[in-house]
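The following blocks contain the structures, represented as C-alpha cells.
Next come two complexes built around subunit A: one with subunit B, the other with subunit C.
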Partner chain A sequence: MIVRTVLMATARAVLVLLVVSLTVFVATDLLPSDAALARTSGRAGAEQLAALRVELGLDRPVWRRYLSWLGGLLGGDGGVSLVTGRPVTDLVGRRLPATLALTGSALVLMVPLTLLLAWLVGRRPACSGALVGVAAVPQVVFAAGLVTVFAGLLRWLPPVSLLPAGATPLDRPHLLVLPALSLALPIAAFGAGLLGGAVSDVLRRPHVSDAVLRGVPGWRVATRHVLPFLLAPAVRVLAIGLGALLAGAAVIETMFGYAGLGELLVSSVATRDVPVVAAVAMLAAAVVVAGLALADVVATLTDPYRRRR
Partner chain B sequence: MRWLLTGLAFMVLGVAVTGGVLAPFDPTDPLGPVWVAPGGDFMLGTDQAGRDVLSRVLAGGRDLVLVAVLAALVTTAAGLAGGLAAGWRGGRVDRLLIGVADLLLGVPFLLLALVLAVALPGPVAVVAGTVCGGAPLTLRLARDATRQVRHAGYVEAARARGEPSSVILVREVLPALTGFAVADAALRFVIALQVASTLALLGFGPQPPAPDWGLMLRENLAGAALNPAAVLAPAAALTVITVVLAVLGHMVAVTRPVPVAPADRTGGLIGPTAPAAALLEVEGMTVTNAAGERILGNVTLRAAAGEVVAIVGTSGSGKTTVLRGLLDVLGPGLTRSAGTVRWATRPVPPGRAARSWRRRTVGVLDQDPLPAMNPMRPAGDTVVENAVLAGIDRTQACRRAVETMTRLGLDPARLWYRRPHELSGGQAQRVALARALVADPPLLVLDEPTSALDGETLALVSETIRARRGDGRSVTLVVSHDPRFVAALADRVLTVAPAGGALRAVLPAVADRPAVGADVLLRARGLHLAHRGVPVVERVDVDLRRGELVALLGRSGSGKTTLLRALAGLHPSPAGQLWLHGSQLPAGLLGRTRDELRAVQLVMQDTASSLNPAHQVGVALVRPLRVLRGMSAEQARARVPGLLAAVGLDAGLARRRPQELSGGQRQRVTIARALAAGPDVLLADEITAAMDVGTAAAVLDLLDELRRDGLAVLLVTHDAGLAATRADRMLTVEDGCLVAATSAHDSTDRTEDNRVG
Partner chain C sequence: MTGRSRVLVVVAAAALLTACSGSTDQRQATGGDALRYAAVGAPATATNDPHGGIGNQSDLIRFALLYDVLAKPGDGGRTEPRLATTFTPSADLTRWTVALRPGVAFSDGRPVRAADVLFSLRRIHQKAAENFGRLQMFDMAASRVVDDHTVELATTKPYADVPRALESITFVVPDGTAGFDRPVVGSGPFRLAAGDAENAVLERNDSWWGPAPQLRRIEVRALPDPQARTQAVLSGQADVAADIGPAAARQVGDRQGFRVVHRPTVTMYPFVMRLDRPPFDDPRVREAFKLAVDREELVNKVFLGYGAVGNDLITPADPSSPRDLPQRERDLDRARELLAQAGHANGLAVSLHTTTSYPGMDTAATLYAAQLAEIGVDVEIVTDPPDTYWTTVFAKQDFYTGFYGGIPFTDVARVSLLGSSPTNETAWQRPAWDRTFEEALSTADPQLRGGLLEQLQRQLRDEGGYVVWGVADGLDLTTDRVHDLPTGAGFHSNFIERTRLQR
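Moving on to the complex of A and B:
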C-alpha cells in the first residue's frame, strides 16, 4: 500500500517536472534579443552574430534544443553560461553550499514558527486579522526594515552579507542572521495563514466538540482528535513554504549581496543568460516537486476514508 | 469598523496613484547633496543621488499600484469564473480545475514571475505571477461557496419553480458571492503588490531614474545609516497599503458568525415539585448570548438518585440549551452567566472541573451520533476510550466494551476494527449508545433520541432507561419533543416555561376528518428509484386522491425522500410514468409546464439551507407568487401577511432573514412558500419533525382546511402515532417495496409493528 502510493506520487512528480521543464525552456526561449546579441552587446556585425549563433547552437530547431538541454540536465551537464562561458554545473556547484546554509537556517526558523502561529490562529480566529496584516507586508520591506534598524541604526549586524572569496558561511554565522530572519519570518506568516484555516476547520468539526462534551482532557483532544487530521495539510503547507523560501532566497541574497544561487539567478535573468536561469529554475522546481510529492503521500496515507485491505 | 477601513483603503490607493501631483520637487532631479538627513528644504532628506525623498515617495507608487490593481482584477475574475464553473458543473470539470489549481499553488509564483521577466515586460510578469499564486486560492474558495449553494434547498426550490440556470445564478448564487469577490480582490491586490515591488527592487520594474518604491528600497539600503528615512519612507508606504488592504479583505471575507436565534421563550422549568434529597441540583442557571441577551433564565432542576427526568418544550424553547448549560458545553457566544450546578451536594464549577466531572460521571447520547465519532478511530477504540477516561483500567475497559456492545446487539468480533463510515446507520447509532453506557455513568443524558435514531436503537434506549429507573444511584435526563415517548419512561416531566400563553392541547379529536374525493390527482406507476446508482425502491405505484392525507413511513435511508423528489421532478425516475389530473406528467422538471410545476409542490425537511440567507422571508414568499401564479410585485407583496398568518407566524417576520428565525419558524416559512403557489398536491418531507406537538397540530389543522378545498397531501413522517391519527392511508417503504397498511382507524394496534424510520 505504502509502496504503491509512493510509486504513484513519484510518477506524478516526474510528469510535473517534465511539464515544468517545458515551461521553463519555452519561457526562456522567447527572447526578444538572444544570447548572441547579449554576449557581444550589440557590437558585432551580422556575420559574426550568425557565426556565434551556430557556435552556441542557437540555430537548431526548438524541439532539438529542448531535448538536448533536457538530456544534458539529466546527465548532470547544464550547458555553458552564455555570458561567461563557464560550465553551468560549476557555477551552480560553487554557489550551492551558501544557499543551502541560508535556506537551511531559514527553514529551521520557519517550520516551528509556522506551526506555532497556525495553532494560535486556529484556536483564536480573532487573531487571524493580525496575522493577515503581518503576512501582507512584502518580504523586501521586511528585509529593508531589519537592515535599517539592526545595521543602520543599531549597528549590531552588518548591512550586507558579503562573503570573502573561499570562505563558507559557517565561518561567519553572524552574516546569516539578518538574511535568514528576513527570509523566514514573512514566509512563516504566510504559511501560518494558509494552515490556520485548516486548523480552525478541524477544531470546529463535530467529533472534536463531541470529545469535549465527553470530558476528554485538552491534551488528548489535541493529540488524538485534532492533530491526525492536520498532518496532511501541515506537510502540504510546509512544502509550499519551502517553495516560497527558495523564491525568497533569490530576493534576499540579492539585497544582501550574498553569493548564493538566488543571486546567481537574478543576475542571470538580468543578463538573459538562459542556460543558467533554466538550470537554477529546474533545481528549484525539483525541490518543490519533491516536497509536494511527499505531501501527497502523507495525505493519502492519513486519509481516513480510503479503502483498506 | 468596516466602513472606516474601506474609506481608508480608497484614500490610501488614491494617494498612491495621484501623489505625484503633490510632490514639492521633481522626483528625478538631483537637487542636493546625497543622503542628507531629514530637515530643512527636504522633509525626508535626499537619497543616493541627491533627489528629494518625499517627492519620490509621493510619485513612486503610481505604476506599482496600477499594475497591482490590474493583476488583482484579472486574478479574482479568473479564480471566480473557474470556481463558479467547478462548483456549479461538478464532475470532471471540477476535478480538472481543482487539479490545475493545486498544481499552480505549489509553484513558487515569485520564481515564475522572475523567470518570465527574462522574456516578458515587467507588468506582464507581475500579472502572470499573481494569477499563478492567487487564482488557485480564489478558485477554491469560490468553488466551495458555489458548491454549498448549489445543493441548497433554496436553489432546488428555484429549480422546482422552473427557473433556468442563468436566472438562478444571478438571483440566488451571485448575491452570496459578491462580498467574497470584493474581499478576494483586496487580498489578491496584496499579493500583486508584493510581486511588483519585489520585481522592481530586483531591477525588472521601472528603470532608474524613475521613482519607484521597490527601486528606492534597493538604492538607499547602502546609506541607511546616513538617511534612514530614504529606506523607511517607501517601506512605510508599502506597509500601509498592503496592511490596510489585507486587513480589509480579511474582515470582509471572514464569514460572520450566524447570530444566535433569540429563544421563543425565556422562562424557567415548570413541573412537579422535586424531591428534597437530590443527586443533581441546578439552581438559578441563566444563559446569555454574546449580545448579553438572556436566552434562558433562572432554570432550576433537581433529580434524585434513581429518577428519570424528562424535559419537553416547544421547538426553539431551549431544551438542549438547558442540557448544555448544566454540562458546561455551551456553543460559541453563549455563556452561563449565573447559577450553580451541584452533584452529590458538591458544586461543579465551569471549566476544567466541569470537564473532569463529565469524564467521570456523565454519559451523553447526542442528537446525531454519526458525525460525532472520530472518522479515524475504529468502533472498538471509541467505546474503550470512554471507559478508560472514566477511570477504568485498560483490560477491564476492553472487557466492558465487548460486553456492552454485545448487549446492544452488535457483534464485536466483526465491528471492532471498523471505522464509523464503514458501519451502517443503525450500527453507528448503537456504537454511540455503547460508548455512552460502557462506563455505567451515574448521569446519563439523552438529547432528542426520537429524532434521529431508528426503531431498534430507540427500543434499546427505552430498555436502558427503564433499567436505570429506580436503581438508587443514577440519574437520567431525557430531552424530547415527543411527549408520548417520555410519558412512558419518565418519573417527572418538566416543561420549559412559555413566556406567555399555555401550550396548545395535544392531538385533536379524530372525528372531524375531511372527506376524500374520488378523483385521483396524482398517479404514479412503475417508478424505479435509485440513489447514487444503488436501487432503493422498485415498482412503486402511488395514487393521491383529492382531499386525502397519505402518510409515508419507513426507516431512514429507505427511499421516502427520494420518492417525494421523484414525484416532484427533482430526481426523475428512469422507468414508469406519472399522471397529473389524468394527463401525463413529464418525469423531470424540464418538460413540465408552469401550471404543472405549480400544481405539485415539495416541502423539504432540511431547513438550514431551504431559505436563501441573503433574502428576507418576504422575498422568498413573493417568488412563487410571481413565477408560478403570474402576480405582479404589489399583488404578491400584499399576499405575504396572509400567508404568514396561515402558518401561525407574525406578519412582521417578513422583514427578517432566515438566520434570525428558529428551526420551527423556518420550517413554517418553507411550508408557506409551498402553499403560496396554490398547489393541488403537496409533498411534505418530515415537516413536523422539528416541531413540538402544539405547532405540529396547528400545521396539520391548516392542511386539513386546505384538504377541504381539494388539496392532496403525501406526508413523509417517522411518527407512526401522528400517521395513525391524522392520515387517511398509510404506506410503508419496506425492503425496497411500497406496502400499504390498512386504513388509519384500524392500525392503532399495529402502531408498534409499523417500522418507524
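Moving on to the complex of A and C:
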C-alpha cells in the first residue's frame, strides 16, 4: 500500500516535470524575439542574424532543440547560455545556494506563521477579512514597507542584501532577514486564509463537539480529533506556499540586489535564453512537485478513514 | 517619535549593529584602498567575452580594468594611446603601421605580442553582428604581424582616422584563446582575484606599464535595479553606484557624505521619423515636428533638469559635432504653416511608439504628444514591451522614441545613416551624403576632415528624421571619499583605474 502510493506519486511527479519542461521550453521559444536578436539588440542585418542563428543552433525546429536539451539534462549537462556562452550548470550552480538560503529561511518563517494564523482564523472566522487584506498586498509593497521601517527609520537592517564575492548567505544572515520576511508574510497570510476554512470546518464537526461535551481534555481533542483531519490540507497548502515562495523570489531578489536564481530567471527571460530559463524553471518545478508529492503521500498515510477501508 | 525614544532607537540600533557587525567587518578586511563599484548589469547578459555585444556596463568596467586596449578616448577629444604607441599611415591611407608598447605582459607572465593584438582585432571584426560592426573599416585578411611589437592594419578603403577607430573595445587577449565561457587572462591595470562575471574581485596588477593606480582592489558587482544600486551606496555596502537615474539623484540631493557625479551629454531619447513613408517623407512635416517640440519642458520633466536641450544633432558630444549652430527654438506658428503647406491644414494623425526600457522614455512620448497637439497633430501613443522594442519597433516603425548612448558620429553613420547600413532607421538614403562621408574618412588633413564631418551633421540636423530634444547627464552616486571618477561621454567613462579613495 505505502509502496504503491509512493510509486504512484513519483510517477506522477516525473510526468508533471516532463510536461513543465516542455511547456517552459516551447513557451519561451514562442515569445516574440529570440536570443540572436537579443545579442545584436536589433542592429544586425538579416544575413548576420541568420548566421548567428545557425551558430546558436536556433535554425533547428523547436522539438529537436527540446529533445537535445532534454537528452543533455538527463546526462547532467544543461547546455550553454545562448547569450553569453557560459555553461548553464555553472550559472545556476553559482546562484543556487543563495536562493536555497533565502527560500529556506522564508520557509522556516512561513510554516509556523501559516499554521498559527490558520488556527487563529479557524477559531475566529471574523478575522479572515484582515488576513485576506494582508494576502492581497503584493510582495513588492511589503518589501518596500519593511525596508522603509527597518532600514530607513530604525536602521537595524540593510536596505539591500549584497552578498560579498565568495561569501555564502550564512556568513551574513542579517542580509536574509528583510527579503525572507517580505517573501514569507503575504504567502503565510494567503495560506492561512485557505487553511483557516478547514480548521473551522473540523472544529465544527460533531465528533469534536461530542468529545468536548464528553469531557475529553483539550490537548487530547486537538491531537486525536482535530489534527488528523488537518494534516493533509496543511501539508498541501504549505506545498503550494513553497511554490509561491519560489515565484516571489524572482521579484524580491532583484529588488534587494540579491544574487540568486530569481534575478537570473527574470533577466534570462528578457534575453530569451531558453536553456537558462528552462533550467531554473525546472529546478523550481522540481521543488514544488516534490513538495506536492510529499503532501499526497502524507495525506494518504494520515487519512483518518484509511484503516477502515 | 519623541526625542528620547529616537535616542533609544539609535542606541538599540547601534548595539545591534555592533553585535552582528556585518557591514563593518567587510571594510576592515579589504583595507582602505578597496573600491566597491555597483554597476549596471543583469546576470543573464554578464559575459566573459570582451569582443561581442557587451550588454552590461559592469562587464565593460571589468574588461577595461582587466585588458589593455590599443587606444581610448582621452581629454579634449584627443586619442589617448594605451597599448599602441604610434599610428603611421601609408601615403594612400589604406595601410596603417601600429607600434605596440614593448615589455608588456599578460598577468600569467606571457608577453603581449603583435599576434595577440591581431588575433583580438580579428575576433572583434568577426563578431560585427554583435558589436555594431565597430571594426568594419579594416580588411583583417590583409592585415598582418610585422614583428613582435608591430602590426600592419589594412583598411578596405582609404581611412584617415584609424586611431579613433581603435578607441573602442580593442581588448587584447592571448592569441588562440578559444574558451570565453570562463575568464580570460589580460594585461590591464588589474587582474581577476576572485568572483565571477556578476561579482568580480580585481586586484592591482603591479607589473602594469602605466602609472600605478591608487586603488589596490576593486570589486565590480552587476545590479540590475537602479534603486538597489542607490541603496547599496547609501547603506555603506558600496562606494559607487553607476547610473542611478534622475529621480534618485534628486532624492539624494546633497545628503551629507555623498556626492552625485555628473557625466554630461550621455544619453538621449530622440524621436525617430522615417523618411520613406508618409507623412514624414515630406521635409516640411519633419521641420514642423522639430519646431513643435518644447525642449525645455522635456528636459525638465523627463531628465528632471539633469541634462541640456538638444539642437537635433545626433552626437553632440562627438568632437566633430558642429558647435556654432543657433539653437532651434519652438515656433508653433511656423510649424502650423509648414503643416498647412504640406497639405495637413486640417490636422494629421500619427502613432508614436515608446517603451519603458530606459526611465522616462514613456513620459517623453506622452509630453511630446501633448506638444504636437498644439499644432493640430493627433498623436496616438503606443507603449511596447521593452523585451521586444528593439526588434519590433526600432528601425521598423515610422515614428518612435529611440535611444543613443554616447557613441561616436562615425559609428552612428555606419550603423544607421549610410545606404549600406544594416539598420537605417530613418531611411536616410542620400548617395551624395554617403560620398561626402567616404571623402571625409579618406581626408588626411584633420581640419578638412572635421569640416566635412560637420557639414554632414548640419545636413542631417536640418533634413533628417531625428528630433533630438535633449541630452541627459549620466548620474553616478558615490560616497564623498571617492575622487576622480571618469566623467567623459561614451567609452571613456568605463576606465576607472585612476579613481581614488580618500583614506
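We adopt the following convention: the second predicted complex is superposed on the first by the 303 of 309 C-alpha atoms of A that agree within 3 Å, B and C clash if a C-alpha of one lies under 4 Å from a C-alpha of the other, contacts with A are read in each partner's own complex, and residues count from 1 in each chain.
The rule is simple: contacts are C-beta pairs under 8 Å (C-beta built on N, C-alpha and C of every residue); 3 or more make two chains touch, one makes a residue touch a chain.
If you're wondering where the values come from, they're calculated on a predicted model, not measured in any experiment.
By the touch criterion defined above, A:Leu175 lies against subunit C but remains apart from subunit B after alignment on the C-alpha atoms of chain A. In the superposed pair of complexes, A:Glu263 makes contact with subunit C only, with no contact to subunit B. In the superposed model, A:Ala151 makes contact with both subunit B and subunit C. Looking at the shared chain after the overlay, A:Pro159 reaches both subunit B and subunit C. Once chain A of one complex is fitted onto chain A of the other, the partner contacts of A:Ala51 are limited to subunit C, with no touch recorded for subunit B.
By the touch criterion stated above, A:Val276 is placed in contact with subunit C alone, subunit B being left untouched. Of the two partner chains, subunit B is the only one touched by A:Leu213; subunit C is not. Judged by the touch definition given at the top, the superposed model places A:Pro87 against subunit C, while subunit B stays out of reach. In the overlay built on the shared chain, the residue A:Ile240 is in contact with subunit B alone; subunit C does not reach it. Of the residues of subunit A, those at positions 31-32, 147, 151, 153, 155, 159, 254-255, 266, 269-270, 272 touch subunit B in one of the two structures and subunit C in the other. Chain contact summary for the complex, subunit C toward subunit A: residues 9-10, 12-13, 16-17, 20, 22-23, 26, 38, 42-49, 52-53, 55, 128-130, 132, 180-181, 194-201, 219, 221, 223-225, 227-229, 231-232, 234-235, 237-238, 386-388, 390-392, 394-395, 415, 422-423. Listed in rising order, the residues of subunit A touching subunit C in the complex are 31-33, 37, 39-45, 48-49, 51-52, 80-81, 83-87, 90-91, 94-95, 147, 151, 153-156, 158-160, 162-166, 172, 174-175, 254-257, 259, 263-264, 266-273, 276.
For subunit A in complex with subunit B, the touching residues are 16, 20, 24, 27-32, 125, 128-129, 132-133, 135-141, 144-145, 147-148, 151-153, 155, 159, 205-207, 209-217, 224-225, 228-229, 239-240, 243-244, 246-248, 250-251, 254-255, 265-266, 269-270, 272, 274, 277, 281, 284, 288-289, 292, 302, 304-305.
For subunit B in complex with subunit A, the touching residues are 103, 105-111, 114-120, 187, 190, 193-194, 197-198, 201-204, 214, 217-218, 221-222, 224-225, 228, 231-232, 235, 238-239, 242-243, 245-247, 249-251, 254, 327, 329, 355-360, 362, 364, 366, 368, 371-377, 385-386, 389, 419, 421.
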